[in-house]
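The structures come next, written out as structure tokens.
Here come two complexes built around subunit A, the first alongside subunit B, the second alongside subunit C.
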Partner chain A sequence: MAHRFLASTPLLRTSLSLTARARAAVPAQYANYVTASAVVMAGGKAKKAAPKVKAQSNSFRKKKAADDDKGESGSGGATRLNEKYYKPSIPVKVEEFLPSTATKEHVGQVLGFPSTVVPALAQTAYPTLLNEQFELIKPAALVVRDSTVSFLEKVDEAMKTPSAQSRIVLTGEAGSGKSALLLQTVSHCLSAGWIVIYVPKATSWMNSSFAYNKVANTTSFVQPLLASNLVGQIQNVNKSILDKITTSETATVGRHEVEKGTKLSALLEVGVKDQFAAQDVMEVFMKEIGAQKDIPTLVAVDEVNSFFRPTQYLSQDGKELDPEHLKLSKLFLNYISGKSTFKHGAIVAATSDTLLANKSEVLDVALGVKEVSPYKRLSQTILPWTQGLTSVEVPNYTREEAKGVFDYYKKANIFFDAASEPLFLNKFITSNGNPRKFFTACAKGI
Partner chain B sequence: MLHLLGVNLPDQKLVQYALPLFYGIGQKTALKVLATLSIHKTCKIADLSEPQVNQLSTLLSDMKIESDLRKQIRANIMHHRSIGSYVGRRHAMGLPVRGQNTKNNAKTARRLNGRWLKAEKREYSSSTRSIIPSTDSPFESFFNRKWF
Partner chain C sequence: MLRSFSRLGGISASRICFQQPTVARISIASFHMGSRPNAVSASTSTATSPSTPLPPPMAASIPKPDTPLPPTTANATSAQGTDAEPVTGASSGQLGAEEDKNTQDDAESAASAFAEFTPVSPEQARSLTQNPILSQLVNTIMKDGKKARAQRFVADALLEIRSRTQSDPYHVILDALELASPILKLTAIKKGSKVLQVPTPMTERQRRRKAIVWILEASDKRKGEKLFKDRLASEFLAVVNGNSGALVKKNQLHKMALANRANASLKY
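Here is the complex of A and B:
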């Protein structure tokens, strides 16, 4: 357009530059028009005017501490929450979840883990998706539900009987509160002063993340480091209780001799220091605590479906190993299936629907949760381990429970909108009372 | 960095994905090696113990990989060439060997097919035979040379 102006105006023969002439030839109404190139040029000039920053290649930069402080968390940053989506919550003062407070009167109240129990729970990680909630609203607390009260009564009775009679598996839809109920059971038993062996992620035992060695002349494999870690966790969780129990006979664990009358905490110490003795230590330990009647034992296993499907470990022929071929898993399977028993104790397990790849069809069929065609071939090596398991279904929130949780979230100030009865109804109905969906609806507004 | 049988294996790499760096080992053989030695799938090169490295080294030296494998492949193709077969001629011309169409689309064959014979020629020409003088008498070498 500029050239037409140039041809017709007397500016053509002036000594002005082309750009100057073009600018001069622009009519008044377009005088304030800013072209894109003008913006870019202005930006470029501003950059030049700014102090020169040391040139850094943009292709790959190691993230320095300064970058982390910006608060932009990627998908891997579990500790830092993006403030665009999560409001910083207010710590809520809650009562403690004790055997005395886990009653029908307290249904709908959110109670926190007791201060005596929290260090024990810190030995092992919380279940992954529950941890998200605990990271957001501190301190970690769970609501007392009808199912909690009835289940804890069941566990209390079971603690007076052999563990082979009470092998319970918590089932239910994804996000219905199975891991949460298991955590409450663990907390309850720790407060009651019982021995608790809590395994929050049984999948990590089977997904080929720990070293394994073949035991000579057998088809079994040992996982030394895993066993040693487990022994350490058990020792830290139950330290004071294990000082009261002593071994009933001498035992050989790895290269060490453990004399009769040694405290169980000292026995576990051997397994912590020497990982190659840890497997033997676990076997002796389980036998000893099972043989005594004074202190009942709770074995709590989350993601128990990984015990009933092939592992990701390979045998020397290249075939996938079953959990019974791994010595540590077999030890636990013996107790879960009732082949071995504690004189006083219970086995409580929870299935996990988090990863589709980890589902165990055999377990679902054995518990009656799923029905398959009678022609479907189920693994005959895994099926025998599922005999005698009782299933307890964990339902979604009732209205009362959901209201209690909503009030707790309100106190923690995680809502963007003002908390009100219509909002509660909205969240409760859209999530159908599913605890995980209810939390996501409240905290993330989806 | 673990140096094993002529190949550098980076320390932070998983063993499962470091083994295919050897010529002649792919993803399936790598898993077979891991299974035979009872190495877990998330094991890194740096996590391997000394006896495990020795076992790995023994196992790999028993397999046909790297230069042994390359020699075998070269020998197979040279055999076709030396007997004057169709397959040999096609390798020499750098054209498809297995009866594919060449009217269009023979790009991969044109790019890749002559390389084993060229390698053989290079090896032959740089072999010690031409460097060391022949043991024939000087007259024989005079008469055996092509003057015109």
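Here is the complex of A and C:
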């Protein structure tokens, strides 16, 4: 866990493992140094190598026969695949999920992400468990639900209001469709022309997987590479829109000066090229898009519970840092808690039950999802950040929605049983309509 | 008293209470064979009762992997997308519109030597608990009574086969088990001082178990695939593609049996 220690060598810019980094750090003149034991070992190896070569040449045919069960088709190349079973994958035909199609009439239909939105969504990874489903059935598509329609209406209302008034957290039981609803919101806002900042795995910001440096004379820390990555993602997702907005004043970002009137895409480019300026770039960027009223902004954060619990980073004293001590997280926390606001926009977040260790009791209590004893001590440093969040519960599938998904799975050849009413009822009832369990029941039969 | 019983026939003391009469032995055997009260009654009359002779060797009835299955009337109409099966006629209109190639394939596989047992209802044809073949596979994989874990392995392996081949994994597994199963086993008997290997027939379940065990052993040798479900899926596909350690073992056993075919007529 080298990231836990304060370091900022150029090697940290790469994502090498500790051993690879150690190996790379050895200067060239020592890399080829030969010790006495190495010479002895080489002699022994040479003795072993000689008879081995002979044996290989004599029993060449036998060895090839033994190597036959490498892979399902064989290493020889002469074995063929059984044509009876290997068929080409045919993507399922689905309509596009657009603002015009996300209506009550389409509830129960599975609609795919529009072709304009897919490259933007490809900049960031899909949420982990949803990704498994998308890998299995191509193209990526989600069902339009009652909760989708009502939630998107809410988001559309937020288009003309400050973001501090629309800070929504999606809650619900595990596998009920929170991340999916968030993805649909992101797709909807991208199609509608919003600026979208989508963070699919906020946990990766807090689990010490990125290097961090202390800012002099403060208690805060920056994560240069993380900020640079985020800046690059925002730029790729919103490129055409950001060309229309320019900075309103000169700003100093790291070692660079950004003049007044620079396009925001050019500002973000600075952060992509210089990771140590990326944090300042993010702050200037958020201020600029918040100050303008023409284009609304959506900040979509998945696994938001990691923002409301201690991180896995350590301070110099060896104590766990809170998210507010990391500058990038604090920037987002300001918007989530309403301390900073976009003039037009919304903040939508989703909790995640994927890892029990990431659960935030403070957030659950603040949203009213969980009740604890009044004597229980909740973190007083994290609790203030949760004020004013509204909770929207995502329910399980209704029967109509589940029927639509069932038909879609059958079309996609996820299961090969006859698509009958008793089978559908079997899957729906045993999974209680929970989307994730319904998928498992259909795909795996357990 | 207990000691004298055990001296009589080598029956352990614990077994005394569980000695079954002849009638009940058949019912247990048919339980193993997978027949249910509602199932086709023909399955109960196969060679499980001791009075009927042993069935002939199965070699002739197993379809060879290279020859396609003979076309049936159901197959011929499947391309048109008609609902040949009464089951799907009963389903709701929006679901029943699609053609039922798979239930017709099920009818084909029912005709094959292995799938002679019909499950209770069509939606449970591929059920891990109700389908006798899949449940035998699950039970063979299960260790220490961890059934749910074994079911997960089989379900994940089936899904893996499906994602690699885009076709019904159940048929892949049926085919693989048929290909890998030996026809007979070699029983060692002592004639005088010599030990002779006698080829003896096996029941369906014994044959299938041998195939499963060999496939599991071959899958353990796979390197480069970390997860069990990936190794198992690769091994099933390797059997179906014609190169697997399980097939090698089957062919070796068949060769030995051919070599010792003279001993088959010996009585012991």
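To be clear about the criterion, the second predicted complex is superposed on the first by the 355 of 446 C-alpha atoms of A that agree within 3 Å, B and C clash if a C-alpha of one lies under 4 Å from a C-alpha of the other, contacts with A are read in each partner's own complex, and residues count from 1 in each chain.
What we mean here is this: a contact is a pair of C-beta atoms (placed from the backbone, for glycine too) under 8 Å apart; a residue touches a chain by one contact, two chains touch by 3 or more.
Keep in mind it's a predicted model, so treat the numbers as computed, not measured.
Between subunit B and subunit C, it is C that contacts the larger number of residues in subunit A. When both complexes are overlaid on chain A, the residue A:380 reaches neither subunit B nor subunit C. Of the two partner chains, subunit B is the only one touched by A:314; subunit C is not. Within the superposed three-chain model, A:426 lies in touch with subunit C and out of touch with subunit B [touch as defined at top]. When both complexes are overlaid on chain A, the residue A:221 reaches subunit B alone and has no touch with subunit C. Contacts of A:240 after superposition on the shared chain: neither subunit B nor subunit C is touched. Shared-chain residue A:212: touches subunit B; no touch with subunit C. By the touch criterion stated above, subunit B contacts subunit A in their complex at residues 31-32, 34-36, 38-43, 47. Looking at the complex, you find that subunit C touches subunit A at residues 65, 68, 85, 87-88, 90-92, 94-96, 98, 100, 102-103, 121-123, 125-128, 148, 151-152, 155-156, 158-159, 162-172, 175, 218, 221-222, 234, 237-238, 240-245. Contact residues on subunit A toward subunit B in their complex (touch as defined above): 208-214, 221, 312-318.
Contacts from subunit A toward subunit C in the complex involve residues 68-69, 71-74, 79-82, 84-90, 135-136, 403, 406-407, 410-411, 413-424, 426, 443-446.
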